[in-house]
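Pasting the structures in now, so scroll down.
Shared chain: subunit A. Partners: subunit B in the first complex, subunit C in the second.
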Partner chain A sequence: MAQITMKNIVKKYGDGFAAVNDVSLDVADGEFMILVGPSGCGKSTLLRMIVGLEDITSGDMMIGDERVNDKAPRDRDLAMVFQNYALYPHLSVFENIAFPLRLKKGVPQEEVKKKVEEAAATLELTEHLDRKPGNLSGGQRQRVAMGRAIVRDAKAFLFDEPLSNLDAKLRGQMRTEILRMQRRMGITTVYVTHDQTEAMTLGDRVALMKRGEFQQVGTPRELYEHPDNMFVAGFIGSPPMNFVPGTLSGSTLELPFVSVPLPEDMRRAVGDIDTVLVGIRPERFDDASVVDDSRRGTGVTFDAHVDVVEWLGNEQFAYIPYETAESMTDALDELERDLDSERLRSQLVVALDPGSDIRDGSSATIWFDPAAMHIFDPATGANLTGAASSRAGADAATVSSAEPAPTS
Partner chain B sequence: MEGRRTSNWWTFWGVLILLWALFPLLWMVSLSFKSPETFRSETPTFFPKDWTWDNFTSVFDQDLFTSALRNSFGISILATLLSVVVAMFAAYAIARLDFPGKKVMLSLALAIAMFPQAALVGPLFDMWRNLGIYDTWIGLIIPYLTFALPLSIWTMSAFFRQIPWEMEQAAQVDGATSWQAFRKVIVPLAAPGVFTTAILTFFFCWNEFLLAASLTSTNAARTVPAALTFFTGDSQFQSPVTAIMAASVVVTIPIVIIVLAFQKRIVAGLTTGAVKG
Partner chain C sequence: MVAALDLRLRVTSPELLGLPWRDPLSAWDPTAVSFRDIPVGPSRHLVRFVEADGALWALKSLPQRLAQREYDVLRQMEIRALSAVRVAGVVIQPVEDEALLVTHYLERSWQYRRLLMRIPTAMGVHRGRLFDAMALLLVDLHRNGIYWGDCSLANTLFMRDGQTIQAWMVDAETAAFHPTLSDGQRQMDLEIMTENVAGGLLDVAARREEPPEAYDGIIDEAHSVARRYTDIWSFLHDEPVVGYGDRRAIGSRLRDLNDLGFSLDEVRLEPEGDASESLRMKVAVAGRTFHSERLRSLTGLSVGEGQATILMNDLRSYHSWLQREQGVDVPEERAALRWLTDVFVPMSERAFEAGGRVGDPTQAYCDFLEIRWLLSEQAGHDVGDEATSQALADHVIPDDSAATISFVETPTAELPEVDAELLDDSETSAGPRAGRPPRPGRS
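Right after this comes the complex of A and B.
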């Protein structure tokens, strides 16, 4: 058990490319920390620097109170689950799990047997102990890899996209299993994924990365409700947030499909920028006909032509095309590239109540609450309203309480 | 219809090539069972009229053959072992490490493999005489290593490259030193590759003739391929051909056994199940 502290970690490759650029992060003892971001953002590199498979160009990597920059992986006492599991195909499941114990000197045979059987029992692998990894299903292999990690009482667990090779159903199942295991063992865990659902469901805290730098570190709720910038807002949430260009005239915000009176505090926060990008999550919209009257008054409604409706049982998504002003295309193009996503422009995704009877090709009245808008500066991407970092005191204090007092 | 016809063609060509390759072998076996007096009969037959083991007993009676057989086994096995061990380390380094001069080393190795052996016979003969290792086992093992190593290194590094690097990294995270990771994970996984290379090297040493004939002069180190040329009949009027054929059959047997025994081992993909599947 140990905390992991990263101070100004930099990873530069020979060609000068910085895969990880001046990153600092504290993972508290027993915390489940997620590193998430699009591919190539440096999250796996950072994980491999923690475990020692990648050299650290500069900065301090501390595990517990020890600086481990120059230590070999085997001296860091961390357990890692690899993306492709990296099981030893020539060894039985038993020997695979026992492998770390066999390498430690002076672990008696009975203890190895006892520990492996315990680990196998928690992971429901007992009946497979004599089989070779090649004969196991994907989920079973994944569990063997986890068995190899939990058998040795390591200081921390590291996961490198452990679920990305499983099918969707199994992925959900294993996700819960990993979470349950981590909660039971209370062990410090760093988990790398590119999947925002995994990040949201598993993490005590989530560190979202882009191009080797943290964009925001915080609880999943903070990232969802108070994204610091457009990238965070677009990455977290599924389907992703809608980004709509808006122009300010007085205290009215002109969107392509409706004019919204801007609440006073938002108006002040925006300052003197007159063109902005407005982010509204699909789930903040609703079919005006199913919104009850008490809420209806607080929001605005607009009429729209619904292109396509996707009904999923527990919810439905409506797609509403609209015209984008040319001035905003640059900012949106860049965001699309960063997020590896499809076109963000020109259509609004709206999550509707499953009881709503809006159909493909029909006209509908859509309702939303202006307080749920995030207003971004198109030049910098910064969230002008309600970013976690711009809000005073309270949130920042809760974040830093998990961290050790800074050493001067 | 079309598929059927193609597959028939394949069978036809396959059988043709098989016959082509097997005919000399069959002829060798057939001759080895003919008596030395009758193999040149007026009415030749492909198979012997009277099958006889005489040729085999006569070659095993000769010290020339038995000591050559001993030399062949000794030299081939030693050279193979040494070459595999050295090649294993070299190939691992080439597959996993980035060091200056790697390309040069590989190209040099290839150049050695392409170098005509005949050009080396003269210098080696002189050198070996001066060093006192002419007509000794070591005198053959050294040049065999030289010529076997490049091929071994190339084949094995190809095998090592196929083993996912994660295997080794996982072992290191699990607490293994580099040497432990190599010995407990990489070597077992590369076993098919090691076997393949070992067998190829053994064949090369076993069949090698030029150096064996030039760098030996007595039964002390003469291997079977070289010894075959020294066979004589029981008398000067008797042809040694059937005896040579019998000896050839005997030296072919170990090769056939090795291939049959390790065929599965060579082909088996041991790494199945290592990573996602």
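Right after this comes the complex of A and C.
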């Protein structure tokens, strides 16, 4: 096992395009690191440079204490999990796990047996070793494929969008299997995905990329609660954060639907910018009528016309249309492009308590706590108020075992 | 979110257009759709074969993003004339993240299990042809900047081509295009292939109940594919130093490349160091179409490179014979036309008949020529057409002959209609449903 260290890694193609542009990252021994971002952000390219599939233009790639830039993939002792997923119907589960070892000539039979049995124990496959894979459930079959990676004794596991070719049913199941295996083995893991839910639920830390650069590296909770910029704020969380234009007059922030007195620390943090974009997560709102009195006083309320309500049983979402100021459309258009998503424009998404009886087309009083707002500079996208980097004592590089933040 | 139906087909087959594209493939009614039972290996996605307007189509159900990606990669491969299944369409279904990829069924191709179940480990020559085919396919892909990512026997189909076998990529789910491949990408692809091939071969050996002692040899065979690949790759990329004016060395290298089937694109001789007499020879090759292009320009026949190699040889012998016979020089073009009408057309039909109309007439004629050569070599004199036809009809042919493989062939026209109950069997049987055919060449 080993740590993986990337120092000022650059990948430039012949045409000068930098797919990865000067990124540095330490993946600690035993850490589960996620590389996430929209398509084309450079996450897979970075993973391929770790594995040795892609030449590194400049920078140092270290595995343990060794610089591996010029090493062939097989000499890096890494295992790409699921790259070879096929199960062979006439070989026993034991042989299905063992055969990569058979390929390396000269591994003694006792060692093969020991390694396969250990892997099977980790994956709870011991009682199936003599069976044929045809008798296994979908999840168990995937575990056999993981077993193949385990017996290699790799220094780290690498996953490149491993769940993207599974159907939705297996996807959730496998996420749990991967997490369980990684926790049990404590093996350094780098995992690439474009799915923020996977990123949030699996990673010790998440490195969010855009156009070849890291936007923020931190625990899922840090990215969720303290996004450094609008891109991070918009990418993490589902449904995504609402962005509404705001105008400052004195210590009052004018939003399209309510005026909010700004707490002193926020007012100071914003400085002399007078038009801003304000981010509020849907789950930070609520139906004022179900907010208890002790909380009610800390927030503000506004009346709104509710267009549509979606009731999902354990939660419900209300959609509230509003007018976006002309001056903000450029910043929002750019964000849409970056996030590679069609966002819901000019409407607020509000998560309501499942007990709330607000209905389609009705008027409602909505509550939120101004402390839950993130205020962004529309010119740079920087989070002026709640960013991890702006908080004293925040250390984005700390490995944390924080519980994944709720995402839906 | 559920997408709207988005149907994109590159063929205008009314029956194909009329399939129930809105429904998940697993729910298609076997009494309403002409499914065909074609043995395939286990797949991570549902694959069904459908007959529409007299043609066979392979339909694969997979997530929308992947289907779109595979469609694009296969289109790119078609543009580069690489050996991959031809994609006929992609259908985004109004079903939660499901899409269908439609490809042409590769006529007269074999799945490796079918082939290997009938060729025992001991018959190394034929197995060697299979591994050469895989190695050449991977070389072709890599030369064109394609990283496969999951090269395996199961993701490849095999087709006879003269005395060689041609491998075709049938699954491009993990494939990706790059301007060029790094050495790391090629190595990784080779490693994945070696592991996959070993798994596939061991699986067949287990199915054939071969003794465990055979396993070491099987693993060597899997490693041999990578060695074959490396030999070809090095040969193509070697830059030997030749003496200025050493026409023999230059000519022999070019001929060797042609013999492998590669057409030449550019030959470059660069001064090596200070010595102006030494030149570094760099050869850029185009596709593996040297003989097939020549044959097409002479006769209009469009055949595989392996077949063309044999036919061009036959044409050359005929040309010499004709000149001797007439006592004058005969232009190659004229000899080619006479060969086509007087030799190829009647003889290919005759060979096809003699072989029981298995496969196709061109391949039958190639087999005929090979068997005649092998029998004549054994006999020490030309055995003639009659004896060759008889040998072909009686299946009394030398073991080493590539034609022995033809006896595992099942004409696609006789594919049984699918039994609805079998559709639930995820691991469609690849084993022999009928009994094993007689061992070729021994009777």
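Some observations on this one:
What we mean here is this: the second predicted complex is superposed on the first by the 335 of 408 C-alpha atoms of A that agree within 3 Å, B and C clash if a C-alpha of one lies under 4 Å from a C-alpha of the other, contacts with A are read in each partner's own complex, and residues count from 1 in each chain.
The rule we apply is simple: a residue touches a chain if its C-beta (ideal position, glycine included) is under 8 Å from a C-beta of that chain, and two chains touch if they have at least 3 such contacts.
Every value quoted in this text rests on a predicted model; they were computed, and no experiment measured them.
In the superposed pair of complexes, A:Tyr13 makes contact with subunit C only, with no contact to subunit B. Of the two partner chains, subunit C is the only one touched by A:Glu54; subunit B is not.
When the two complexes are overlaid on their common chain A, residue A:Gly134 makes contact with subunit B and with subunit C alike. In the superposed model, A:Ile63 lies in contact with neither subunit B nor subunit C. Of the two partner chains, neither subunit B nor subunit C is touched by A:Val260.
Touch criterion met: A:Ala79 reaches subunit B, while subunit C stays clear of it. In the superposition on chain A, contact of A:Val206 is made with neither subunit B nor subunit C. The contact surfaces that subunit B and subunit C form on subunit A in the two complexes overlap at residues 51-53, 72-74, 80, 83-90, 99-100, 103, 134, 165.
On subunit A, the positions that touch subunit B within their shared complex are 51-53, 72-74, 78-80, 82-90, 99-100, 103-104, 132-136, 138, 141, 148, 152, 165.
Considering their complex, residues 13-14, 51-55, 72-74, 80, 83-91, 95-96, 99-100, 102-103, 105, 134, 164-165, 167-168 of subunit A touch subunit C. On the subunit C side of its complex with subunit A, the touching residues are 42, 44-45, 62-63, 65-66, 96-97, 147, 149-150, 152, 154, 173-174, 179, 182-185, 187-188, 191-192, 194-196, 198-200, 202-204, 206-207, 215, 219, 222-223, 426-427.
Taken together, the subunit B residues at the contact with subunit A in this complex read 164, 166-167, 169-177, 180, 184-185, 188-189, 191, 270-277.
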